[in-house]
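After this come two complexes, each holding subunit A, first together with subunit B and then together with subunit C.
And then the complex of A and B:
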C-alpha cells in the first residue's frame, strides 16, 4: 500500500526506475535468448566447425587448426566469388539508388494521376521474389521469350539470344532483375525525404534566380544526401544477402559460377559438396563482411540523425 | 503579334506537358511490364504463349490455367501450409516485437545501444550463413518438416526489423501518456497493453504485414528445412514447378499471379507505415 502511494506520487522515483530496469532486462533477455538459439549460437557453431574437418561421411571429425583458412586464402574460386559478390553489389546499389532518385524526382512534381503513378512504381517492391523469378525466366526463354522481341528492335540483332545461359548476359540480367525488385523501396524513401525538404529553401533559391539544375545541385541533393547514403547501405545489405533471385534464375551459372556470389557458394559447398567445415569457413568470411556493413550502417545512420536534428 | 507569342508559349507548354506524360507512362509501363506479362500469359490459353513472336495482348481469355493448376497440383495444400506458417510467424513476431520495442522506447535501462547493435547485426546476416547449423539442429531434434519449427526460424530473422518498425510508431506517442497511465495505477505492462498498443495500431498492422509476408515469401529456410511434399509452403511449391520442366508455363504463371496478389494488395495498402519504419531503423542509445 505504502509502495503504491509512493509510486503514484512519484516519491520513490529511484525505486520505480530500478523496477523499470529489471523489467527491461527481463524483456530484453527473452529476446536475446530467442535470437541466440536461432542466430547467435548457429554462428558460434559455424565458427567452431570452420576449425574442423567435418565433411559428410568423414570417419572421425577432429580439429584441424587453421587448415581451412589456409585453403580459403589459396582458393581461387573463393576469391572469384568475392569478386562476383562485390560486382553484383556495386551495380545493384548504384542502379537501385540512382533509379530510385530519378523516379522520386520525376514523381515529386505535381501532375494529374501522380498517386496512381507512385502506386505503380511501388508494385515490384511488394511483388514476391519467387513470382518475379518465374515471370523473368519466362521472359528470358530463348525460344518464346518476349525479351527477344525487344532485343530484335536493336539493329544488328536478328537471332534469338540465349539470355541466362549466355556468359555475357547472365550477370547483367540478374542485376537488372535485382534492381527492378529493389529500386521501388529506395524510390519510396527518397520521395518521402524530398517532401521533407523545407519549402523556404526552394523559395530562397527562386529569389536568387537559380535555374532548375542549380536548385537540384545546391538545394535538393545536399538536403537528401544522408538519405541517399542510408539507402546505399540498405541496398548493399539487400544485395549481399540475396539468395533467391540468383539461385532460382541462374543457380550461380553459367560456366563455373559467373553469377555465384559468396552466399550461393556457402550453400553449394555445404549442400552440394557436403563439405560442412569449408562451408562454415566461407560463412565466417561472410560474417566478417557483415560486421563491416554494420559499422557502415551505424555511420550512415548517425549522419542522417544529425542532419535531421539540425 | 502579342497574341501569337502567347499562343506559341501555350503550344510549347502543351508540348512539354505531353512529353512529360509520355515519359511517365513509358516509365511506369516498363516497370509494370513483367507483372503485365505474367497476367497475360496466365489468363490466355497456352497455345498463344507458345509462339514467337508472342502477341502483346491477350487474344482470348481463359481460366483454364487456374482450374488446371488447382486440379493437377496440391496448390490448396501449399496455400494452407503457407497460411499456417505465416500466421504462426506473425504471432511470435508480434509478441516479441511489442515487448522489445516497448523496452527500447519507454523503459530506462543501460545497454540499449548494445542491444540495438545486436538487433542491427542480426538483421544484416544472410540466411545462408546460419541455414546449415539450423538444419543440423533440427535434424537432431527431429524437427524437420515441422512448420511450427520453421516459423520459429523465420520469426527470429524478421524480428529485428519489426522491432525497429514498431519502435518508430512508439516514438510518436508522447511519453506523458505512458507516465499518466502509470500514475493512474497501471503496471508498466498494463500501461503497454491498455494505452500504448491501442495508440499504435498502424504500427502493429505494419509489423504484422512485414512478418506475415516474410514467412510467405521466404524460400531458403523453407526449402532446406521442409523436405516432405506435404509440408511445403507455397514458395517452395512454386519453385518446384520451375524445376519440373514439364509444367506448362500458363499454369506456372497462374500460380505466380495467385501467389503475388495477397502481398501486393497488403503492402500497397499500408505502404506508408512500413516504409517509415523500415528506413528509420536507427541506432539510438
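And then the complex of A and C:
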C-alpha cells in the first residue's frame, strides 16, 4: 500500500514537474514570440528596407544593394545631424546627471519641508511633454513671452529676443528644456542610491577627520558611481531618442538643421518626404550608435566590477 | 460535499458535466457572434468614410448632418466616421497605400494626396456618377488632373481658394482702404500695426510648423505670377518667386508678430489683434464658430499682387479601387446622392463654402448673403499642379528646402537672392534622386 502511495506520489510529482516545465516553456515562448514579432521583425524589416528603393509612389520597389549607405556616407546633412545629436546628448547627459546629483545631495540632508521639496522637484518629470512645450513656447514668444521681461532687465538688451528663432539661442533653449524635463528622474534614482550608502562608511570617515568635500569625494561618489553611470547611459538613450521636445519647439530649425537631431531627420525623411528606404538607412545608423553606447556601458561596468573585486 | 439541489444546477445534476456545458455554451456563443455581423451586413452595408473633417469645428458637424440626412432617406447603406486629424491624415493614408491597400471604401483626399493615390492605382473611376448626373460638361477644370483616359477618379467636396481675409472694423478704425498693389499692402499693414497690441498681418513662418508655413508661403510667389517648378525644373530663384519672398520678408519685419505660432496667431485674429491673413476660404467656417466677434467684420480681397491669381485646391472624395464590389457600389451610391444639386447645395451652405464643383451645386441666394466671399470669388484660380510641376509628388521635401533657406532670410537677414540661389542648387541636386524610378 505504502509503495503504491509512493509510486502514485512519484508519478504525480513527475506529472507536476512536467506541467511546471510546460508552463515555463509556454511563458518563455510568449515572451520570445512577442520579442520576435514586435522587436526583431521590425528591425529585420528595417535592415531589408534600407537595401531597397522604397519611396512612397515609386513604380517598383527594388533591391538597390548598398546605394542608400553610399548616399548616407556622402550626405553632409546626415553627418551634421549626427554632430547635432552628440552635442545635444552631451549637454543633456551632463546637465541632467549633474543637476540630479546636486539636488539629491541637497535633499538628502534633513531640513524642514524636505518631503515637499522632493515632491516639487519631481513635478517636471510627471508633466506631459506636449503641455510642457506649449507653456515653454508661450514663455519664449518674442512678442508676449515672459522671458523677454527678464531679458530686458539685462543691461544692453533693448529689444525683445526672438528666442527660438535665433540660431544662437535655439539649441541652448532646447537643451535647457530637455534637462528640466529629465533631471527629476536622475534626482530620484540618485537619491535612492545615496540613501543606500552604509552609514558606517560616513562614521569611519568622521572618525578619520575627513572634511565634507573629502567625504563626498572618497565615500559618496565611489559608492554611487554605478548609479551615476547607469544614469549617464539612460540619459544618453533618452536624449538620443528625444523627438517631441525638439520637434515641437524648433522643428529642427530655426534653419540649417541647427537643432535637427538624427531622430528628427529620420522622421522627416520617412514620414514627411516618404523616402522610407533612406529613412530606414538613417534608422540603422541610429541603431548602431545606440548599440555602441550600450556596449560601451556594459564594458565600463564590467571593468569597474573587476576593479572593485580586486 | 453535498449541496442542496437547485434549479440552476439541474444541467449538471442531470448528467451534463461542467466542462461539456462550458464547451457547448462557448460553441453557441461563437456561432452567435459569427452569425450576427453576417445578418447585420446583409441588412445594411457599413462604409467607413475616412476624413480629417470629423475633427474640424463647423465642417465636421456639417458632414454629420449630411450623413444623418442620407441615413434617413435610405436604410441599405450606413456611412461611418473614420480617419485621422489633418496633420496625420496624409501620412496615414500614404502609409496604408504603401502597405497594399487603404482600409476604407470611401475617403476624402487633399490635392497632393490624390495625385499619389491616383498614380498608385487606388482610385475607382467615378465617371459613371458624372454621366448619370449629367454634369460632365460643367465639372470644374480643377478636376482635369483626376482624369485617366478621360474618366474622372475623384469628385471635389470642397474647393479652397486663397484670398486676403481682413477685419474690416480694424481697417475702418485705422482709416485705411483695401490694398490692391504690394506697395499699398505694405503701407496698409504698417498702418494697422501697433505692436504688441495689434499687428497688420500674420503668415506662418516657423520651421516647427512646416505644413502651415509651406502651404501659405506658396501663395506669396503666385501673387507675382510665380511658379515654384515647371516639370522637373525648380524655379525658386526666378524673379517672381524672389519678389514674393521679399514682400514676405518686408511684412515679417514691419507688420507680423514674429516668432508666433499659428494657434496663437489664430487666437489673436479671433480677438481682433491681427488685421489680415492670406488664407483659404475654408477658414471662414472656423471663424464663424470660434470668432463670433470678428465674423461680421470679415471681408475678403484678391491677394494684392500683379497676377491676381489665387491657388485653388480641390479636395476630392474618392472610392477605393481595392474595395469589394458591394462596398464600391454602396460608396458610389452615397457619392451620387451627395452630388445631386439639392444635397450638394446643402453641404456647401452648411460648410460655408463658396466655390462650387459645377454651377448647379450652389444657390445664388446663398452666395449673395456671404458678405465675406467677394475677394475669394474674384481671384483667378490656379492649381497646385500648375505651380509645382512634377514636384507635386515631393511637395513636402521641396517645401522643406525652400523654408529652410528662407528662414535664414527671416531670422538672419540673409539676402533673398542668395538664399533662393542656394535652394535652387539644392533642389536641382536632389532632382535626379527624387525622380529615380518615377514614370509620370
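Just so we're on the same page, the second predicted complex is superposed on the first by the 272 of 310 C-alpha atoms of A that agree within 3 Å, B and C clash if a C-alpha of one lies under 4 Å from a C-alpha of the other, contacts with A are read in each partner's own complex, and residues count from 1 in each chain.
Here is the rule we use: a residue touches a chain if its C-beta (ideal position, glycine included) is under 8 Å from a C-beta of that chain, and two chains touch if they have at least 3 such contacts.
Since this is a predicted model, take the numbers as computed values, not measurements.
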Subunit A contact check, subunit B vs subunit C, more residues touched by chain B
Practice prompt. Could you look at A:307 and tell me whether it touches subunit B, subunit C, both or neither (first, second, both, neither)?
Written response: neither
(Q) Once chain A of both complexes is superposed, is A:55 in touch with subunit B (first), subunit C (second), both, or neither? (A) second
Inset, instruction - Quick one: classify A:294 as touching subunit B (first), subunit C (second), both or neither. - result: first
- In the superposed arrangement, does A:34 touch subunit B (first), subunit C (second), both or neither? first
Check whether A:144 is in contact with subunit B, with subunit C, with both or with neither, and answer first, second, both or neither.
both
For this session: Figure out whether A:251 sits in contact with subunit B (first) or subunit C (second), or with both, or with neither.
Result: second
Would you check which partner chain A:72 touches, where first means subunit B only, second means subunit C only, and both and neither mean what they say? neither
Just checking: does A:276 make contact with subunit B only, subunit C only, both, or neither of them? Give me first, second, both or neither. both
- Task: Check the residue A:267 against both partner chains and state whether it touches subunit B (first), subunit C (second), both, or neither.
- Result: first
Note: overlapping subunit A surface for subunit B and subunit C spans 137-138, 143-144, 247-248, 271, 276
In the complex, subunit B touches subunit A at residues 20-21, 23-24, 27-28, 31-32, 34-35, 37-38, 41, 49-54, 96, 99-100, 102-103, 107-111, 115, 117-118, 120-134, 137, 152-153, 156-157, 159-160, 163, 182-183, 185, 188-189, 213, 216-217, 219-220, 224, 235, 238-239, 241-242, 249, 252-253, 255-257, 259-260, 263-264, 266-268, 271, 275-276, 278-279, 281-284
Within the complex, subunit B is touched by subunit A residues 4, 7-8, 10, 17, 20-21, 23-25, 27-28, 30-32, 34-35, 37-43, 45-46, 49, 103, 106-107, 109, 111, 113, 117, 119-139, 143-144, 146, 148-149, 152, 160, 180, 184-185, 188-189, 192, 227, 230-231, 234, 237, 240-241, 243-244, 247-248, 263-264, 266-267, 270-271, 276, 279-280, 283, 286-287, 290-291, 293-294, 297-298, 301-302, 304-305
Residue positions on subunit C within touch of subunit A in the complex are 91, 94-95, 97-98, 116, 119-120, 195-196, 206-210, 257-261, 264, 393-394, 396-397, 400, 404-405, 407-408, 410-412, 433, 436-439
Seen from subunit A, its contact residues with subunit C in the complex are 53-60, 62, 71, 137-138, 140-144, 162-167, 247-257, 268, 271-276
